[in-house]
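One chain, subunit A, appears in both complexes that follow, with subunit B as partner in the first and subunit C in the second.
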Partner chain A sequence: MTTVTLDKAGPRRKVKQGSISRDRAWALRWSYFFLALFAIFSLTPPLYMLITSLKSSAEISAATNPWWVFHPTLGNYVELLTSSQFLRFFWNSAIVSIVVVAITMLISVPAAFALARMKFWGSTALATGVFLTYLIPDSLLFIPLFKMFATFQEWTGVQLLNRWYVLLLVYPTLTVPFCTWIMIGYFASIPKELDEAAIIDGASWFQTLTRIFIPVALPGLIAATIFAFTVSWAQFLYPLVFTTSTDQQVLPVGIITTLIKGDVFNWGQIMTGALLGAAPPLIIYAFLMDYYIAGLTAGATKG
Partner chain B sequence: MADVVVGQASVTRSAGVRKRSSLRNAVKHKSTVAFLMTLPLIVLIAVLVLYPALYSLHLATLSKSMTKFVGLGNFQFLFKRETFWLVVEQSCIFAITAVVFKALIGFIVAHFVHNIPAKGQRKWRGMLLVPWVIPPAMSTLAWLWLFDPSYSAFNYTLSFFGIGPIPWTGDAAWARFSVILVNIWIGAPFFMIMYLAALKSVPDQLYEAASIDGANWWQRIWYVTLPMMRNIIAITALFSLIVTFANFDIVRILTAGGPLDQTHIFATWAFKVGIEGSDIPLGASVSLFMFPILAVAAIFILRDINKRGNEA
Partner chain C sequence: MADVALRKVVKRYDDVEAVRGIDLDIADHEFIVLVGPSGCGKSTTLRMIAGLEDISDGDIMIGGDVVNDVPPKDRDIAMVFQNYALYPHMTVAENMSFGLRLKHYPKAEIKARVTEAARLLDITDLIDRKPKQLSGGQRQRVAMGRAIVRNPKVFLFDEPLSNLDAKLRVQMRIEIKKVHQKVRTTTVYVTHDQVEAMTLADRVVVMNKGRIEQIGTPNELYHKPATRFVAGFIGSPAMNFIPCRLEDVGGTLQIRLTDRIAFALPPARAARYNALPRTEKLLLGIRPEHLTESHAHLGPGVEPFDTVLDVTEPMGMETLVYFGLDGTPVCGRVDPNAGATDGAPMRLAMDLNNMHLLNEATGVVL
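Right, the complex of A and B next:
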C-alpha cells in the first residue's frame, strides 16, 4: 500500500518540478524580451544622434531610410571641431563645470563635516534646511535672480548678466545642497572611534577632516563630484536666461541658439553637437558607473 | 558639621564652575569652528536661494515697469486669462501622467532586471540608465529630430504599417503626448534604479514564506514587495513630482509651448512672459504657482526624514 503511494507520488512530484523550472525558463525569456524592448526604447535617441551625425546634409534632405547611413562622413565632426564658436561653447562649459565642482566641494565638504560631527546649535535644523533647498527648483528662481543681477549692476557697475562667470555664482545653488546632503550621509557612517582617536592624538578638527574623513569617505566624494559635474554640464535654464552673446554661452544653449538659424535646422550638425555635448557625462558614466549610481541612490532626486 | 558640608559644597561648586567653564570654552570653540565651516553654505543658500525666493514674492506685487505696487493685481490679471488656466491644466496633466508612467515603467523594468541572473544585471542596468545620463537638453534635441514634421524617422517606420504621418509636435493632443513621452524616457531610469535598490533589500525569506503559504506572483507583489517598498516608492514619486512640475528643458526645446500655448507649463510660460516678454513681475507671479506643490511635498518629505531619524 505504502509503496504504491510512493510510486505514485514520485513521478507526479517530478512532473511538477519540471513545470516549475519550465515556468522559470519562460519567465526568464520574457524578462529578456521586455528588457530588450526597453533597451531599444532607451537607446534609440542616442543611436539616432550618432546615425544622423554621420550623414551629410544632402543625404539627410534626400529622405532615404533615416535609420541607415549610406555614405558615412565625418564632415560634421570636422566642421564643428574646427569651428571657433563651437570650441568656445565647449571651453565655456568645461571651465564652468570644473570651477563649479571645485567651489561645490570647498563649500559642501567642510559644511557636511561640521553638520555630521560637530553638533552645534541648530545643526540638525540646518541639515534638514539644506536638503529642503534642494527642492526649490531653478524654474522658481530664475526670474528673481535675473532681476537681482540687473539691480546689482545698477548699484555697483559690475556686470554679471551676459557674462559666463555669472554661472559660477548660480550653479552652486543647484549642486551644493545635494552634495552636502550626500557627504553628511557618508561622514555620519564613519565610526566615531576613528575621529575620537585622532582628536586624542592631538589632531585639530581640520586635520581630522583632511587626514581621516576625506580619505575614508572618498567614494562619497567621487560620487558627489560626479553629480556636481553632471548637473553643471547639463544645466540649461540658467545659461539660457543669463547669457545671450554667443561668446559667453555654454554648450547646451549654444547649440540651440546658433545651430538653429531661424527655421533652418542643420540637423547633421545639431546631432553632432548634441552627441559631443552628451559625451563627457557618458564617458564618466561608462568608467565610473558604480559611483554614479551610488551618488544617485544616496537619496537623489533628479528625474 | 554644617560648615563642613557648606565648605564641601562650595568646593565642589567652584570646581564644577571651573570645569564647566572650560568645557563651555571648548564647546564654544568647537561650535565657532563648526559655524565657520558651514558659513559659506549658509551665505550661499541665504543670498542665492532664500533671498530670491522671497524677492519673487515682492516682485509679483509690482507693475510691469516695476515702479508701482499693485498688490494682487498680477494675480487678478492672470486669473482672467484663458492661457493661464490652460497652463495650470497642462502642468497638472504633464506632471501627474509623466510621474505615474515613470513609476510604473520603472517598477516593471526593475522587476525584469531583478529577475535575470545577477551577472548580466550590470550590463542591462548600464544600458537602461543611458537616458538619465545624457543632458536633457541634448537628448530632447534628438527627440525633436525624431519628431521632425517632414523627416520624422518614426513616421518613416510607421508608414510601413500603414500608420501616419503623425503630427508629433504639430497637433495639440500629439504635442502633449510627445512632451510626456520624452519626460518618461528621461525619468523612468531614475525610478528603475531606485526600485532596483529597494527590491534587492527585500529579504528572500519573505518571498519563501509567501510561496509556502501558497501566494501566487501577483499576491507576492501585492502583499510582500509593495509594502516593503512603500517608503521608497512614495519618496521617489514625490521627488519626481517636484522635478517634473518644475520642468523646463523638455517643453522649451520640443515645442516651446506651442502649438497655440497648448503645451506650456509653469516654467516655460514664466520664461516666455517674464524674460522674453520682459514683464518680470508677471513672470514671477506665474512661477510662484509652483510653490504650493513644493510646500506640500516638502511637508511629506520632512515627515519622512524625521521618521527615519527617529528609527535610527
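Right, the complex of A and C next:
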C-alpha cells in the first residue's frame, strides 16, 4: 500500500517542480544576458579611458589598435599628480563637495522633519513647492543666478563670481530640494507613535529628530548624502559658468579648460584626470553600497 | 500617583464632534477601561488625557491640576501604544531608560529602575536585545517596562493587546492585571474588546458616538445595563432583544412576545413595570444563559415554551441554540446533553427573573 502511494506521488511532484525550475532557469538566463549586455555597455567608456590613460601621446595618435596598450606608461599619472594645478582642482572639488554636503544636510534634514511631522499652515504646499524647485533644470537657472550674483556685487562690492565659494551657494539649489524630498519620504514612513512615545518620554522636537528620527532613517540619510556628494562632485555647468580663473576651478571644468588648448586635446591626461576624478565617488559608493541600496528600496516603497 | 478628572471634555475636528462632552472621575489607584466600537471617541479621549490631542472644550485634571495646556512631557504620564512604538535602534534597556536619560537621572538610579521593571515583567534576559529580535508579547512587555520605569502618575494604554494573537492576549491580560496589583498606578485603558474591559477594569466606561453610555463595575454593566447599547455591547453572545408588549390578563401583568407566546411576569417585575402604558412598543432583553432547556421542576418566574431550532453550535461545555420568534433571531444556551439538534423542535425555558425591559424608541432600560 505504502509503496504504491509513494510511486504515485513521486513522479507527479517531480514534473511540477521541473516545470517551475525550468521557467526560473530561463528567466535567470535572460537576466544574465541583459545584465551582461548593460554592464559591457556602461563599462566600455571607463575601460577605454583606462587604456588611453596608460598610453603616451605618441601612441595615442599612432594608427594602432586603440583597445590595446603596446608600451604602457604611468607618465600621465605622474605628470598630473605632480602638477600643482591638477591638485588645486582636486582640492577645490573636495572642499566644495564636502561643504555642500554639510550645508545640504543641515538644511534638508530639519526641513524634511518639519514638513513630514509638524502640521502648520501651508506645509503641504511647501512640500510640493520644494519638489517643484527640483524640476527646474540648471541650464535654465544659471542665467538668472549669474545675474543675481552680478547685481549683488554691484550693490555690495562683494565679489562672488569667479570665486570657488560661489559654488557653495549655487549647488544647494540642486541638492537641497531633492534631499529634502527623499528625507520627507523616510520620515513619513516612521510610525507616528514613535514620535508620540518620544514626546511622552519627555523629548523635545529637536531631541526627537536627533535621537529617534536620524538614527532610524539613517539609510535614507546616507542615500541623500551620497546623492548630494555625487551631484556636487560631477556638476559641470555651474562651475563652468561661475568660475573662470584656473585657481578657482573644480575638477570637471579644470580638466577640460587646461588640458584642451585650442584644438589640441591632451587625450592621455584628460582620460587620466577623469579616471582620478571618478575615484572618490567610487570609494564612497563602495563603502556605503549596502546602506545605499537599502535606502533606495525603502525610499521606493515607502516614500 | 494621582486621580484624573474630565469635565465636559469636547473634541472637535473641523465640523465633526469626536467627543461630545465627557464627565469622568478616576480615583487614585483605579483601573478604568474605556470600551466601545471603533469611532466612539475612546482613543481620542485617551490621547487628550495624554496631551497628544488638544481639547476643544472642557477641562482635564491630573492630581487636581488642570492640564489643558500642559505639554505631554510635563503631565507625568506614560503611554503604551498598540504597535508598541519601541525605538528600533535602541536595546530593550535603552528603550526603557530613554525617558529617564532625557531627564538626566543618575546612572545608578536608571539602572536600578530598569532592573526592577525588567524583573517585574520577566524580561531580564532580553535587556540587551533590539526590538526586532523580540516576539510580539515580549515587545509589549518592554513597552510596559518603558512606562513603569518612569513611575508616572497615570498609565495610559491604547489597545495594547490588539496586535497579539488570541492566546497571548489572554496571557498578557493577566500580566497587566498582575502588574497593576503590584504598582497600583492609576490606569486608563482603551480597548474595543468587551472581554478585556470586563476582566481588567475596576470600573468600565462604555462609550458610543462620542458620549459615555454608562459607567460601572463589570458586574453592574452586565446585570444592570442602562441602555440597549450597553446591554448589547457587554456579554458574548450578545443579549437578545425581542419585540413585546404588556397585557393585563385576569389581574396579572403578562408580557406577550408572539401571538402564541406570552408569560406572566414574576411579582417583583410586575410591580416594577405596572405603571408603563400598555400601548408602548417595548423590547424584552434576555441574555442567552437565561434561555435554557426546560425541565420538570422550573423555579418561580421561569417559563417554558416550545420552538423549532434553526442552528445549534456545540461549544463543548454548552451548546448555543438559535431560533426565531416571529422573525426575530434569538440565541439560547443549553446543556450539551439536552439533545438540541438542527431543525428539531425543543422545549426551552426563559428565566424572567433576569429579564430587562427596554423602550424600543429610546433604547433606555426601564
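Keep in mind that, in the parts below, the second predicted complex is superposed on the first by the 250 of 303 C-alpha atoms of A that agree within 3 Å, B and C clash if a C-alpha of one lies under 4 Å from a C-alpha of the other, contacts with A are read in each partner's own complex, and residues count from 1 in each chain.
In this text, contacts are C-beta pairs under 8 Å (C-beta built on N, C-alpha and C of every residue); 3 or more make two chains touch, one makes a residue touch a chain.
This structure is a prediction, so every number in the text was calculated from the model and none was measured.
By the document's definition of touching, neither partner reaches A:Trp68: not subunit B, not subunit C. In the superposition on chain A, contact of A:Trp155 is made with neither subunit B nor subunit C.
Number of subunit A residues touched is higher for B, counting subunit B against subunit C.
In the overlay built on the shared chain, the residue A:Ile200 is in contact with subunit C alone; subunit B does not reach it. By the touch criterion defined above, A:Pro191 lies against subunit C but remains apart from subunit B after alignment on the C-alpha atoms of chain A. Within the superposed three-chain model, A:Pro215 lies in touch with subunit C and out of touch with subunit B [touch as defined at top].
Contact with subunit B, but none with subunit C, is seen for A:Ile256 once the two complexes are overlaid on the shared chain.
Subunit A uses no single residue to touch subunit B in one structure and subunit C in the other. Against subunit C, the residues of subunit A that register as touching in their complex are 191, 193-194, 196-203, 207, 211-212, 215-216, 218. The touching residues of subunit B, counted against subunit A in their complex, run 30-31, 33-35, 37-38, 40-42, 44-45, 48-53, 55-56, 59, 66, 102, 105, 108-109, 112-113, 115-116, 122, 124-139, 141-143, 145-146, 148, 150-151, 153, 156-157, 185-191, 193-194, 197, 239-240, 242-243, 245-249, 252-253, 266-267, 270-271, 274-275, 280, 283-284, 287-288, 290-291, 294, 297-298, 301-302, 305.
Interface of subunit C with subunit A (complex): residues 50-52, 71-73, 77-79, 81-83, 85-89, 98-99, 102-103, 146, 150.
On subunit A, the positions that touch subunit B within their shared complex are 27-28, 31-32, 34-35, 38-39, 41-46, 48-49, 52, 60-61, 63, 65-67, 106-108, 110-111, 113-115, 118, 120-121, 123, 126, 128-133, 135-148, 169-170, 172-173, 176-177, 180, 205, 230, 233-234, 236-237, 240-241, 252-253, 255-256, 265, 267, 270-271, 274-275, 277-278, 281-282, 285, 289, 292-293, 296-297, 300-303.
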